[in-house]
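There are two complexes below, and they share chain A, which is joined by chain B in the first and by chain C in the second.
And then the complex of A and B:
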């Protein structure tokens, strides 16, 4: 783990204010840019082509960003191929190219470590009984991991007595879920799943069956796109309410993160704001000229993470649209920028998120 | 069975490996010991020794040898 990550792991993950963060990021992200320039030929070509001065220490906003779709077109590595232990793929819908993210041991470990830092600030260091609102099948095909499977495995580190709520046909296994809840009645339980799949295969299925699960003290983390939910006019408030109706007393945390930047995730706080942790940052770009947008101005989301070392993904231009709501002043007390996501930009290549599932 | 034998037996069962390579076994060093394999290993060790690892120890458990040290924290003497 780099010195800066070590240092950041010693403080609370939402502690850095604007001035502290800018100072650290200017140096740390410049170092990463230099590392990738020296180690990844394709990245170097891009930076040379735009005439970027690799020796300068620049603010993050002046450093080159890589469009996420480049990871679909090219195999981008900043370490020798022999060092790669895992290739993450974004589970695009069939027929479309998938992103490939090349991870070495160090990068994989840092992802897990940082995810643990961030999530433990919400749930504590204790491992909790874990209910995965998905099927075991998502773990198949281990060498070419889909984002969906990797999300489940990554989350499993925080759980114990793991139970999968869906069977191989994506039907909710009510007896198993009830048994899990009965066994852990007195404890706080952890749940994990993908936003739309939970809606369809858990909320939808339980409503249809007229069944309710009575969890007394649960916390749910879910991730994934909102496109299909928006089409059904489901927003955060109605989503969370529906979860509580069918599952019980659950604290719901939506979170956001790219397969291209696993580990340094963005978690929604109790006020419904997505937060950057010390390990990541966000900027909004105007689509016309890629200039930096003002606070509360909608634009393209650029994400910065201090984690990517085995592939040049530390500064990415996403295909998502969003706006920054504020910095260092969320009523929840967390420092850093907080933001809102508006979804995929129009005209972007149609691509499924982690929560794609097709019935065969 | 001695604790060390139970420890070895778990690696052999979970990953399907022979005695000879145990000492050099590392996380991500063989195909079977990937993140899914790691979960299976953790679950098997916890059940065998009736312990519960902290999250940090699951992350630090990156080799056969490192695992022995970690188990000491849980009062499992190998």
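And then the complex of A and C:
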């Protein structure tokens, strides 16, 4: 683990204020940019093409962004291929190319460690009984880790007495869930799952069956897209309410992260704000010129993470839109930027005579 | 068959040919032009205005006069089934007029997208047809989702099929059965380039430069740079670096207040730039004016220039040492050369002497998208009519 990560692990994950963070990030991200420039030939070609001066120490917002789609097109590595222990793939929709993220031992370790730092600030360091709102099948095919399976594996390290709520046909296994709840009645229980799958296969199924589970003290972390939920006019408030209605007394935390930057995730606080931890940062870019947007101005999300060393993914241009709501002053007390995600940008509609033209 | 929506006409159509440039057709074209030019809704769409201006009385009369100088006598082929490109709002109207002018009845498959331009043009056509019975009998506009069964049904009545579209569409439609004697006039994917003389750009005063930028904009941004005749590759002659920047800056200044650059296009262009950097290796100093104008300077031309393809303002440029360099890269895919500051006849004669397989048009910058009866190297009216020979 790099010196800077070691140092950050010694303080609480939401402690750095604006000035401290800018200073650390300027240096740490410049170092990462240089490392990738020296080690990843594709990255070097890109920086040379856009005329980036690799010798200057620059603020993080002046450093080059790598568009996330590039990880679908190329194998991008900043370490020898022999050092790779795991290839993470994104869960792309069928027919689409998937991202491939190459992880060496250190990156794998750091992802687990940093995820633990962030989550333990919400749930403590104790391992809690864990109910996974998914099927065990998502874990299969370990040769190529999918982000879905990786999320489950990653989360499993925080739990004990793990039970899967869905069977292999994605049907909710009510007796198993009830047994789990009965066994851990007096304890705080941890839950994990994917946003839409929970909605469809847990909330939907329980509502349909007219059943309710009575968890007394639970905390749920869920991740994933909101597109389908938005289509059904489900927002955070109604989502959380529905969870509590069918599962009991649950604190719900949505969180956000890319397969390209696992570990340094963004977690929603009790005020419904997504937070950057010490290990990551966010910038909003105006589409027309990629200039940095004002606070509360909507634009493209750029994500910065201090973790990626085996692949050039420390500064990413995503295809999501969002806005920064504030910095260092969330009523929850966490320092750093907090933000809101508006979802995926609309695909470009292009005119032209070739009517087979289609965007990715 | 329930999926067919009739925008103009109903299920029946005459297959009786007319003479090319018949009086009623010419009068109808002029009336349509007048109606559209007067339509306040239509005036909001420059592409509709371009079409209206094209089919005005004087322009059609000039074409007719030229046509009548031909020695042979002709008649239309009968019924033309025409498939318009689905991402261009007004091509269907041009292709409709081409069929009428060449003496054919026509079924036009309009784009299935809801372009307001289509509703405007169909509205005026519907109104006018009441006064033009011979044309009414010969006009049908349809819309339908991708469906080979329907395409085949229309094809089986057609004497000529006119297919506009990408290579995949063309291939797919040609697979649909047609009558043995039916022939296909096909407009597939093409690629276009631009040749600029640096000295001419240097000598242009601000007004002239602005006009050049506007013309270049109209050739490219107006169709998201994705029309077959929109240039992708800019070839410079006698140009210094300063002159090139002067030109691109002028294009940027003109496009900035006019062009709506979608957020997704910004991401797409930046992503493409990164991909090109990786694929081409050794790219340096890419010219960028915000995310609106991207220019990649090449130090050599690839074997297949048609792989150099961007959209929404993503260009490649290269210093041409002489026309000889063109010979090896002009394939049958290359359609249009737009030019500024060069002698087009000299270039044409050079290309003919060099026996190149491509290039059908050499037109000034600003004229790339001008549709006309001569397109892709065909005289469409000739192709869609037949000679009645007397010996």
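The rule we apply is simple: the second predicted complex is superposed on the first by the 347 of 360 C-alpha atoms of A that agree within 3 Å, B and C clash if a C-alpha of one lies under 4 Å from a C-alpha of the other, contacts with A are read in each partner's own complex, and residues count from 1 in each chain.
In this text, a residue touches a chain if its C-beta (ideal position, glycine included) is under 8 Å from a C-beta of that chain, and two chains touch if they have at least 3 such contacts.
Worth saying up front: this structure is predicted, and the values here are computed from it rather than measured.
Engineer: Does chain B (first) or chain C (second) touch A:292, or do both, or does neither?
Structural biologist: neither
Engineer: Go through the superposed model and pick first if A:139 touches only chain B, second if only chain C, both, or neither.
Structural biologist: first
Engineer: Once the two complexes are aligned on chain A, which partner has more residues of chain A within touching range, chain B or chain C?
Structural biologist: On the superposition, C touches more of the residues of chain A.
Engineer: After lining up the shared chain so the two structures overlap, which partner does A:85 touch, if you call chain B first and chain C second: first, second, both or neither?
Structural biologist: The first partner, chain B, only.
Engineer: So, does A:24 touch the first partner chain B, the second partner chain C, both, or neither?
Structural biologist: neither
Engineer: Just checking: does A:42 make contact with chain B only, chain C only, both, or neither of them? Give me first, second, both or neither.
Structural biologist: In the superposition, A:42 contacts chain C only.
Engineer: Contacts for A:156 in the overlay, against chain B (first) and chain C (second): which applies, first, second, both or neither?
Structural biologist: first
Engineer: Once the two structures are fitted together, what part of chain A is touched by chain B and by chain C alike?
Structural biologist: In the superposed arrangement, which is not itself an observed complex, chain A uses no residue for both chain B and chain C.
Engineer: Report the residues of chain B in contact with chain A in the complex, numbered from low to high.
Structural biologist: Touch list, chain B to chain A: 27-28, 31, 34-36, 39, 43, 46, 52-56, 58-59, 62.
Engineer: Where on chain A does chain C make contact in their complex?
Structural biologist: 42, 45-46, 48-51, 65-67, 69-70, 73-74, 287-290, 300, 317, 319, 321, 345-357, 359
Engineer: Of all residues in chain C, which touch chain A in the complex?
Structural biologist: Result: residues 85-89, 91, 111, 164-169, 187, 189, 223-224, 226-228, 230, 261-268, 270-271, 273-278, 281-286, 288, 290-292, 296, 311-312 of chain C touch chain A.
Engineer: Would you tell me which residues of chain A are touching chain B in their complex?
Structural biologist: 85-86, 105, 108-109, 112-113, 116, 120, 125, 127, 139, 142-143, 145, 150, 153-154, 156-158, 160, 162
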